[in-house]
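In structure tokens below, several structures.
You will see two complexes here that share chain A, one where it goes with chain B and one where it goes with chain C.
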Partner chain A sequence: MRILVVGGGTAGTIVANNLARRLSAETRRGKARITMLSASDRHMYQPGLLYVAFGQMTPDQLYRDQASLLESNIDFHVDPVTEFMLDQNKVRTQSGKVHEYDTLVIATGSRMVPEEIPGMNEGAEFFYTEASAVKLYKKLREFQGGKVAVAVGVPHKCPIAPVEVMFSLHDYFKARGIRDKVHLKYHYPINRIHTIENVAKWAKPEFDRIGVEYETLFNIKEVDGKNKLLKSEEGTEYQYDLLIVIPQHRGMEVVEQNKLGPGGWIPTDRYSLKMNGHDNVYVVGDTTNLPVSKTGSAAHFQAEVIAENIASIVKVGEPVRDYDGKVYCFIEAGHDRATYAMFNYQNPPDLKPPSKPMHWFKLSYNQMYWTSVRGLL
Partner chain B sequence: MSDTKVIDARNTFCPGPLMELITHMRLAQVGDVVELLSTDSGSATDIPEWAKKVGHEMMGIEQQGDTWHLKVRKAK
Partner chain C sequence: MTSPNETTAPVGDADFQRLAEFAQLVTSAQDALSDDMVNRIASTFSEGITMLDRLTRNEGLTHLLRELDRVENQQFLIALSNAFTQASRELASSPPAAGGITGLLRLMSDPGVQEGMRLMAIVGAHMSNSLREVHRRGL
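Up next, the complex of A and B:
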């Protein structure tokens, strides 16, 4: 079986490594072949960007060479796909090469699109890329006091980030001794302060305790950087001194250009993770249109299901299990405490009180990620 | 004729039904109707509250078994 993995982020890398290990005998005998096509020769640990924004990590700590993360029986090429020919089981790459496959895994991910909101690129800070995270850190360093607004676009990667950034801002300014000179205002798109009800119930008294003002049902319409005004679709506005946004996201351009799914999100079966209407095409991670968190954690658990199923199909002709919607997200509740949310399609998260050991576990995971993405954890 | 798109947000906790609806309303054209399927009983009040505040038009709210069907027309 010729297995082609398109995308070398968290999802694609775990699928490829997990498969490579399960199919080591088959790849040696030539019964299976695993190829990965990626847009980059580097792999970024994206959750680390929040730490970069607060000066707790430097950008170089976020990267590893992609080739160093992959099993030796994966044929890896830095040559992104430009054309999907699903009816012919082929893709064409940027270099013009055509790759044929029997099974395709699409793991192209998502991208922030701040340019879709008037004024956002010019008037707001964010931390979803290396450059923007470093820029935000510099802005925070020079900030001496005033109103800091945080607002959230829809949809966005890492749904826990909005609350984490509020706790981090509180601790950051407290550590600098200027918390009393900073007013923190949080804006959230729906009618509670987090989309997960139990996270909202936990975070609300925490926000009250640390003095975070909040406004719900606030969807960003426009950023007027000249007058430092944040405006909502719902008709309200807020004057800020520093604006930090969680930008709205789309799937990758190649998905939209090939008309695989509106917004760049590919229609996917929530259990089998197959692209709707295509029995030999799997979709994983941010790329799906599933109503599941766009996080590395969801990508990880989905990737394991896909790898197990493809390997089983190679070995015995049948898949072994469905994706149950599992997600496990750490929640940093400041710079020295954390908790977590674990849930699936059937069971909501049951939040535990934040603790120092859970924060230490998260810091450990920041290193353990490199083991995880190799498919070992 | 405008399109009606069905969004299946049943049995999900994150990003949740209203976030899903906002995502798809952003992609829809003015005049399109989006039908949201939700098993969260809170959707029956959350969705109309959001639609009213933003200025979209509620076209219907109906419960069939455990599932709420909420139709919203994009007005702007």
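Up next, the complex of A and C:
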């Protein structure tokens, strides 16, 4: 069986490595072949960008060579796909090469699109790319006091990021001894402070405790960088000195250009993780249109299901597992404390009080990530 | 026969004392460790477990370890390490080679060198047979 994995992020790498382990005998005998096509020869630990923005990590700590993370029986090419020919079981790459497959895994990920909101690119700071995280760090270093606004676009990657930013800002300014000179205001697009109800219930008293003002039902309409004004669709405005935005995201351009799904999100069966209408195409991670968080952990749990099912099809002809919607998110809660949210399609998260050991667990995970993408954890 | 109450071991002051000491140990570890230390420990563990995974799934290495269980192979290793030590000492104390075909003939006429060449030839013959077999089976 020719298995083609498109995308070398968290989801694609775990699928490929997990498959390579499960099908090591088959790849040796030539009964299975695993190929990965990626846009980059480097792999980034994306959650680390928040640490870069607050000076707790340097950018070089976020990267590893992609080839070093892959099992030796994976045929890896830095040659991104430009065209999907799903009816012919083929893809065409940037170099013009055509790859045929029997099973395709699409793991192309997502991208922020701040340019879709007028003025956002010019007037706001982000931390979803290396350059923007470093720029935000420099802005924070220069900041001596005033109003810091945080606003959230939808949909976006990592649902916990908005609340984590607030805790990180509080801690950062407190450590610099200027917390009393900084006013923190949080803007969220729905009528509570987080999309996950139990996270909202937990975060509200925490925000009250650290003195964060919040405004809900605030959907970003425009950023007036010249006058430092943040405007909402609901007609409200906020004057800021520093604006940090969690920008709205879309799936990758190649998905939109090939008309695989609106907004770049591919319609995916929530249990089998197959692309709707295509029995030999799986979708994993941010690329799906599933109603679960766009996080590394969701990608990880989905990747395991897909790899196990493809391996099982190779070995016995049938899949063996369904994805249950599992997501596990660490939540850094400030003061060296953290908690976590675990949930699935059936069960909402039940947040425990933050603790230092959980903070250490999160710190440890930042290192253990590399073990995780290798398919070991 | 014992009543249900009697089956439960009583918790005495000594047990509480031990519990308090353990809690103190945990608190002390919390105070002593820094985020940097946790990062380093986790990083070492992560890299260590990755290396261990590679080693345990390396067919060549596991085969080598199995072969090393044989006494004759352990003796071979001992002989090999002794040979390295002796060769190193001998090389340090002998004059540089004069060169030329005469020097080479003199070296080749040494029975020890001939024994060594025979050993290398036998190992080479077995190795090429083994390599051919590995490729034939597609392993």
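Here is the rule we use: the second predicted complex is superposed on the first by the 376 of 377 C-alpha atoms of A that agree within 3 Å, B and C clash if a C-alpha of one lies under 4 Å from a C-alpha of the other, contacts with A are read in each partner's own complex, and residues count from 1 in each chain.
Everything that follows uses one rule, which is that a residue touches a chain if its C-beta (ideal position, glycine included) is under 8 Å from a C-beta of that chain, and two chains touch if they have at least 3 such contacts.
Predicted, not measured: the structure shown is a model, and the values here were computed from it.
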### Task
Pick one for A:R374: touches chain B only (first), chain C only (second), both, or neither.
second
### Query
If you stack the two complexes on chain A, which partner ends up touching A:M44: first (chain B), second (chain C), both, or neither?
neither
### Message
A:A67 in the overlay: touching chain B, chain C, both, or neither? Say first, second, both or neither.
### Response
neither
### Message
Looking only at contacts as defined up top, I'd like to know whether chain B or chain C touches more of chain A.
### Response
B
### Message
Looking at A:P291 after the superposition, I want to know if it touches chain B, chain C, both of them or none. Which is it: first, second, both, neither?
### Response
first
#### Entry: First (chain B), second (chain C), both or neither touched by A:N366
second
### Message
Just to be sure I read the superposition right, which of the two partners does A:R29 touch: chain B = first, chain C = second, or both, or neither?
### Response
second
### Task
Based on the superposed arrangement, let me know which partner A:N219 touches: chain B (first), chain C (second), both, or neither?
first
### Task
Tell me which partner A:D336 touches in the superposition: chain B (first), chain C (second), both or neither.
second
### Query
Quick one: in the complex, what on chain C touches chain A?
30, 33, 35, 38-39, 41-43, 45-47, 49-50, 53, 57, 138-139
#### Entry: Residues on chain B engaged by chain A in the complex (per definition of touch)
7-9, 11-20, 22-23, 26-27, 42, 46, 49-50, 53-54
### Query
Tell me, which parts of chain A touch chain C in their complex?
24, 28-30, 336, 356-357, 359-360, 363-368, 370-371, 374, 376
### Query
Within the complex, which stretch of chain A touches chain B?
154-155, 159, 189-191, 195-197, 217, 219, 233-235, 248, 262-263, 291-294, 325, 327, 341, 343, 345-346, 348-349
